[in-house]
Each structure stands twice: as C-alpha cells, then as structure tokens.
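Labels for the chains are A, B, C and D, by order of writing; each one numbers its residues from 1.
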Amino acid sequence: MGRVMEGEAVDAATLRRWLDVLAARLSERADYLTQLDAAIGDGDHGINMDRGFRAVRERVLDPGNEAPLDGLLKGVGMTLLSTVGGAAGPLYGTFFLRMAAQAGAKDRLPAPELAAALAAGVEGVRQRGRAEPGDKTMLDALLPGVETLERMLAEGRDLASALEAAAAAAEEGCRATVPMVARKGRASYLGQRSAGHQDPGATSSAYLLRALAAAVSGS
Amino acid sequence: MGRVMEGEAVDAATLRRWLDVLAARLSERADYLTQLDAAIGDGDHGINMDRGFRAVRERVLDPGNEAPLDGLLKGVGMTLLSTVGGAAGPLYGTFFLRMAAQAGAKDRLPAPELAAALAAGVEGVRQRGRAEPGDKTMLDALLPGVETLERMLAEGRDLASALEAAAAAAEEGCRATVPMVARKGRASYLGQRSAGHQDPGATSSAYLLRALAAAVSGS
Amino acid sequence: MKKLINAVDDVVTEALQGMQAAHPDLIEIHLDPNYVVRRGAPVEGQVAVVSGGGSGHEPMHNGYVGLGMLSGACPGAVFTSPTPDQIYECTRRVNGGRGVVHVVKNYTGDVMNFELAAEMARADGIEVEAVVINDDVAVQDSLYTAGRRGVGATVLAEKLAGARAEAGGSLGEVAAVVRKVNDNARSMGMALTPCTVPAAGKPTFELGDDEMEIGIGIHGEPGRERMELETADRIVDRLMGPILEDLPFRSGDRVLAFVNGMGGTPLIELYIVTRRVARVLEERGLRLERSLVGSYITSLEMAGCSITLLRLGDELVRLWDAPVHTPALRWGV
Amino acid sequence: MKKLINAVDDVVTEALQGMQAAHPDLIEIHLDPNYVVRRGAPVEGQVAVVSGGGSGHEPMHNGYVGLGMLSGACPGAVFTSPTPDQIYECTRRVNGGRGVVHVVKNYTGDVMNFELAAEMARADGIEVEAVVINDDVAVQDSLYTAGRRGVGATVLAEKLAGARAEAGGSLGEVAAVVRKVNDNARSMGMALTPCTVPAAGKPTFELGDDEMEIGIGIHGEPGRERMELETADRIVDRLMGPILEDLPFRSGDRVLAFVNGMGGTPLIELYIVTRRVARVLEERGLRLERSLVGSYITSLEMAGCSITLLRLGDELVRLWDAPVHTPALRWGV
C-alpha cells in the first residue's frame, strides 16, 4: 500500500464515476436490499434506493450537467430527498447536502477534505436520524467506514488504499448489525425479533463507500 | 322380482325411515354435492341440503312427533322451505308439500297412491322451477324415477322392486345430466361450460329415491 | 381457509349482532328468522322496499337498510338465497300500509323464495310488487334459460327506489324506479382470485397464478372465460365493451359509473380501474355524471372488480342525490 | 402477484387520476410532486390540516381530503413516506393564512420528511405545527427507540382536527385536537395474510395456512408474534387486552370503537369482530358511544384487522358528529 501522494485529490469526474458505480450497484442489488428490508422492515429499501439513484442518473449525471463538485453533490442530495422517501430519503439526502456544504466551491477536493466532507455527511445522518452506533442503522456502516478513512489518511496512507480500508470497515460494520437489536427505524418495532438479520440501510451504506473506493482506485 | 302384493302400502314409520336414511346419506355426501355445485354453481348444494335435513331430523323426525303421514310430509316441506334456501329449498319444499296434499289424511299409503304422491311432488317441482326435462336439473332424475315407478307398479311389480328400478332410473337420469348444457338454475350462466359436469340437484334427487327404495325394502 | 370467524354456522348471526352493536341508531335486527329493518319500522304511510339474498355480499343488503334506501333486508346463508319465512316476516314488519316493493336479483333461488313470500304476504292483505334485477351482460340472455344474473344494478336500484319511497312515491312509482334502473343499467365482473364459503372450507374454483376469470357473478361461481392475467386497462376494456354495446349507450348519454370491488380488492386498484373507465366513457362521448367507487356488492374475500354503468336522466340524478342514511351509504344527512 | 394495475411504476399516479375522475367535486390532484387538495383550496381564514404517508393504505389519506377533514394529503410511493417537496408544496397550496397542522404518523421516514418540509414552509413564513401520532400498543414504547407506530388513531385525528379547523379553530386549537386524540386513542392490529408491494412483486412475509401475525403495523411488516390461527373472539381479546390496559380505559368511559379491515378482509368478518368488541366493552363497563367499521387504514390486500379505541368527551363527540364530505367519509352534508 502506497503512502499519501502530495496533492492527491478527487474532482467532479471522479465523483460522477462514484455515483455511477453506486447507482449500478444499487440497481443490481435492489432485490437483495428489499429482501433484507422485508425481513425486519417493510420491504422497500432496494426499491427506494434504486428509484432515487435512477433519478440521480437522469437528473444529475446527465452529461450536459456541468455543475461544479459541490453543485453535483447538492444535486444528488436534493434528488434523493425528493425521490427516495421513507427513512433513507432524508438520511441520504442530508448526507449529500452536508457533504456539498462541507466541500464548498472547489474544482478538486484534496483527500483530507474529501474525508471531512464524508464525515460531515455522516454527522448529518446522525443528527437527522438521532441514532447512535449500535442502533442497527446505516450509521453502523458509515461511522466505522469514515473513521477508518480519516485514520488511514492521518497515518499517511494514499487515498485509494485508505478508501479500500474504509469500505472494508463499512462492510464489517454492516455485518456486525446482524446480531443487533434495532433501536431506530422500522426494525425497532420488532424488538428482539430484529436480531439475526442484517440491516438494509447499513448494507446500502457499505455499497456507498465500496463504490467510492472503486471510483477512486479506477481513476 | 315379486308381483304386487295385495294391500301393499307404506305407513308413517316407513316414511320416517326414508327421511332418516336420506338425511344420513345427504350428510355423508354433503362435501361431494358441494363439490359438484362448485364446478357449475356456487358450491353450496351439499351444505344447503345437509342443513335442511338436519333440521328435518330435529323438528320432524323427533320421536315425540306423532304427526300422521301427511302431517309428516308437510312438516318436511315447511322445514325445507325455511332452512334450505337457494333454489333447492323452494323446490324440495314444494315437492314434499305437494306430496302431503296428494297423500291426504291417511294412516297407510297404498303403493299406487305413494306413486301418485311422488308424481304430484315432481309436478310441483316442475311448476315451481319452470324447468323441462333436459335442462340439467333435479327433474332429470326425478321424472324418469317416478315414471319408472308408476310403470312398474302398473305392470304389477311389487313396491320394493318397483322402487329399486325407480332409484336406478333416477341414477341413470342423474348420470345423463353430465353432457347436458344447463338451461335453468345457476349452471345456466356457464352456457357451454356447464357440459361435462353432473348436476348436483339431480344427484340429491337420485339419493331421495334410492333412500325410499332402501327404507321400503328394509321394512 | 383463513377467516375472522368463530364457527362456520354462526357467521351470519354473529355478523348481524355486530351490525346491531355498530349501528343501533339505524337498524334493528331480528334473529330466527334473520332480517334487518330500519330503526322504528314501519314508516306509516310510506311504501316499503325490501331486498335480500345470500350473505357474503356485504355491505349488500343489510348495509343498505335505513333512511332513503331499504326498509328491510333478508340475509340468507352465505351465497344462498333467504327463505320465504324470512322474507314474509320482514315484509310484514316493514309494511307501512302502502305496500312493499321486493327487489329481487335474478337467481332461480331468489326468485322462487321471494315469490313464495310474496304469496304469503298477499294472503295477509299486503300489497307486494316484485321487480327482478338482471343486469349482468356476462350471461347470454335467452327465453329458454334462467336469464341474466342480478349484480351491481341492485345496489343502485335500492338507493334510487328508496329515495322514491322516502319522497312519498306510490307502490307503482317505487317499483317503476326499480324497473327503470334495471332497464338502464348493465354490469360485468371479473376475478383475480376465488373465494371460500365458510361452510365449504375450500375455494369455489381454482385459478392459476397467471390467470383470471372474466364474467364472474357474485357467488364465487366460475365466469364466462378463463384467461391470462392482463393489465387493468385491458381488463376494463374487456368489461366495458359488452356493457356499452348491450344497452346500447349512445354518445351524449349521462351515466353513473359504479366501480365495485369484490371484497378483497384494495381501493387503490379500484381507482386505477376507475381511471380507465373514465377514459373509455370520454372516448365514447358519454358524460360521467355520478360515480360510486368501493366494495359495495362483494363475494367474500374475492379479489376482482365489476363495473356497472347506469344511464341517468334528471329523475334518477335527483333520486341519487337525495339523502340516504344507512350503515354503508350515507349522504345529505 | 395478482393486481389490477398497469405498471408497477404507475400505480400511485394512475390511482390519483382515477380519484380525480371519480371525485371532481371534492378534490384536486397535483402530479409531480404528487398531492391532493380539497377542491377550491386554500380556504381563506381557515387553519389547514395536511397529512400524508406511503400509498397502499387507501382510503387513507387521499380519501379524507374534503370539507371537515383534510385540506391536503401527500401520497408517497407504496409504503414509503412522501418526500419533503411534496409536503412543502401541498402545505403552501392549502395554507389559508392561519397556519397548517401536519398530522404525522410516527415512522422515522414520515417524521423526518415532514420535519424537512415544515422547515421549508416556515422559511416561507407559513406557520406549521406538526403533531405525531403513535397509538400502536403492539410496539414497546421506550425513550431509546423509534417509539410506537401511528396507525388507526390517525384517521380519527384527521376527522376530528378537520372538524375543529372547519369550525374556525386556531392553529393551536386544531393541533391540540390531534394531540388529544393521540393521547386518548390506542390501537392494535393483526394479519391473516401478508400483502405484496407492487414494485417488490412478492409478499413482505410468509404465513403458514394455520398461522397469523399479531401486532402488525400497516406496512406489511411482520408483527410482534406469530401464532396459530384462532377464533375471531380470541383474536379480539388478544388485541383488546393491551389496548384497554395501556391508557388505561376505566369503567364508565365513553369510547369510539374503530374496527378496521386491512384491505382484503370482507365486511362480514369485521362485523363479527365488532360483535366481540362490543361485548368486551360492555363487560368492562365502557360505553360504546360511536363506532366506525370498515377498511379505512389498510395495507394493500392484506387480510386482517385492527382495533382502535378512542376515549371520548363531549368535545370529541361533537367534532365527530360534525359534517364531513370526503371521498371516503361523509355525513351531515
């Protein structure tokens, strides 16, 4: 694994690739996410995410859209807010809106600022949903993911390998939701019966970081 | 097969045995009749007949009921009218009421008069339902059954063997309804699709004559 | 069989008891024989309207008892027409001295049982006029058969005749409204799933996962044709075709569209059906003057729908808009 | 999956179009974003009441838009809460200058989406007061969880708050009615069969032929417990127990009993349920003051029922009896 490269940064094109990879992944895994949600929720998470990211593709990833980096992220946030609905809509919508606000008007986002933008997004999810780690939600994938990213970058790792580790941490966090008893969201209605199932939102969150890693390493 | 016996007749006890055998048979075959009705009707003929004859057992065949022969038949008619419902209720109700009227106030019904009473019942069914032979209804069992009975008695046969032949004719008439296209009752709504199924009412009518044969030959 | 019931033999009685508990201000029930009358019946000096039929079609008929609709209703066993004694007693009970109209759906059993009851009531000096409803275009009409079934038009006839009675109409006038509705209404239905009569315990017919029945009645009986499942729009077109041709409805006619659920159909689907019905009417130049969308004449838990179109003149519009206050239909009061 | 639909993506839009065709006198629909408002909205000088939620619960909420009930409703995708832009636009559209009450069912998604919409509306200078409904006693209540779901009480709150708004109540007064209903109502539901979200294509859970789910919500989510099917009376007792204990209701209390079908339950079964509900109330010395029986807050074609009890005082009785004119609830007008 390499060391941090001076001036390493992502641009709008990389973010677009990220969103594209993520949209494809969500569409591919829509049935699976919906199945996970059917077990402990209402069986729509895959449908919701796929609907939202199909809209992102149409409205934001349109080649004619020349929005700058933060405009891109804001567009994603607004699109998710107005098309996903349910719990995931406001949460992922807030995630991207906060990312955009933190990123600011720049052409390129240096690695630490990308991490800070992701962290701001996660903080937005936490505030909006008032969940804590261990509540069996998307936070259980996002938090360890972004913390790992920040730590690796602080340790001087290059962005691609730091994101690779972050995605792995998110996936581990996602798997760790299996034994948890949900305290937030629809799954909490099941009480103890929610244990033994993987959280759908944590799963889509792990896809989110995995897609970012793929987009950056492929660049 | 014997020749007609001088003074051969049925009494109230024989009729009670008839009704009892018939009630048992209908209860035993309720599911089957209902299945037949489900194929070309609304799937209740067995339920209806069983409900009616359970009521006959309770209200008319009660050992405390010392009604004379025609009172007995009238009681059956009234009971069926008020408990069976559907098409079968008024038809079988009318059958027994007309039988009672034709039989009149007697202690014993000589064989020809029994046949006349049955024929009056069948005529009642025909008038009430305005059906013709070949319409795929109970008439297609009742008519050949009672005609056979009358013919056999006229030929000098004894009652038991005449009734045996009548029951067999009713059963044959019943089987003959299979290829018919219904023109009366619920099965007529199916048009050509009603062909290929045995008529439920013709089936219960065949049970009626078979039970009478059994009750008389067992006496 | 999965049902919210206690015992198959108690279904009808217990449902009546539940209705009584829910609507003490509207109806009075009588058990053994079973019938439901408008609270405070008879209404002296008013023609009474009585209907009845097998249970399992709720809210029809019990749910239509009350001001401006039925004076009394006689529920039979599930899908089995009521018996003459029920109808006779109910008729006596609601007779307000100006006679009783019997609204009878055209099924052999219903017709015969109502006939017997009318004979009994007439023997008591009660004037009874029976009108038979036969609006189901799925059934081939013919002089030599039992003829067409009575389906959706029954609900409309009960509402409209009840309004005429409430307005002081004579026996002949109220019966004439029923006949007018029957003459001007046509219906057809379809099923996505069968239903299960409690006492039978299994479905009245079987349908594959990809199949539907077109031209079903309301008793769980099989329909005219079994075919592959289609889109809602195609299904509506299949039902509307025979309905529109049969009367026939003509461009410029005003119609009431009644989109009915068979009992297990969610309302959201009925509105998808309604959308297409409205478009077809528009294409044909027919004016959608009034509508009724919901599960009003059902077959237990059957999924599916029926469509009824009624051609309306000013009189029927006025009667439709007149106040009605029953457990299942209410407006203007 | 057997449904009367055209394409899974068009279900909500086409149903709205069908509603518009059926009820042009009552509602106006807006597509993209989707919402339904009372015809002629806004009513100047009147507080507006807005609700919304996933589709698939029809007639809730769209069917409750009209005089004396909701000013506007925002339907999300099936079982998915609506988005902030829908709610925001609807809120702007119905605001008559005296503010808007949001009636929000307690689901994470609904709460967050309504919160965002309220923030947007407030930024435009519109007064918004949101009240969350959480009446489902099947869910363990706790400070550390999402809390109880909002179910049957929502329908009652919409009716009663709408009546208060129609009578000229202030924003605070109308919101207070919603809170009062929520404080005095408790519900619990059960399912005999699951339901299928059109876009998912298969049932949200599986139930054996002999099984039922007790304590289900309205989104096809599994319930508190799966158990062997029982009689209607035993099932009612299972639902009534937790409801009665939770408030708690006390002997002498007057109650409104709301017996609700989940969408695929025939009315005849709901009345059998009602019968037992009335008996239990009687045993407990509670007075059945008003009742509502029917499929009013549903889960697509799910078979099953829910029971809601609302403790009534004079104010709520008066508001309940006040005129209402919507596609799904109508009286007094």
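Following the convention adopted for this analysis, contacts are C-beta pairs under 8 Å (C-beta built on N, C-alpha and C of every residue); 3 or more make two chains touch, one makes a residue touch a chain.
Here the structure is a predicted model, which means the values were calculated and not measured.
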Measuring centre to centre, with centres taken as mean CA positions, what chain is farthest from chain D? B
Give, as an integer number of Å, the spacing between the C-alpha centres of chain D and chain A. 33
Chain C and chain D, separation of their C-alpha mean positions in angstrom: 29
Cα-centroid distance, chain B relative to chain D, in whole angstrom: 55
For the pair chain A and chain B, the C-alpha centroid-to-centroid distance in angstrom is 77
Tell me, which residues of chain C touch at least two other chains? none
Sequence positions of chain A contacting 2 or more other chains: none
Linking chains that touch, what shape results: line, ring, star, complete or other? line
Let me make sure I understand the interfaces: which chain pairs count as touching? A-D, B-C, C-D
Please give the residue numbers of chain D that touch chain A in the complex, ascending. 33, 54, 76-86, 107-109, 112-113, 115-116, 138-140, 144-146, 149, 197, 199-200, 204-205, 217, 219-222, 224
Seen from chain A, its contact residues with chain D in the complex are 34, 38-44, 47-48, 51, 81-91, 128-129, 182-186, 188-191, 193
Residues on chain C engaged by chain D in the complex (per definition of touch): 2-7, 11-12, 14-19, 21-23, 55-56, 58-59, 63, 192-193, 209, 212, 229, 231-233, 235, 257, 259, 263-278, 288, 291, 293, 295, 298, 300-301, 303-305, 327, 330-333
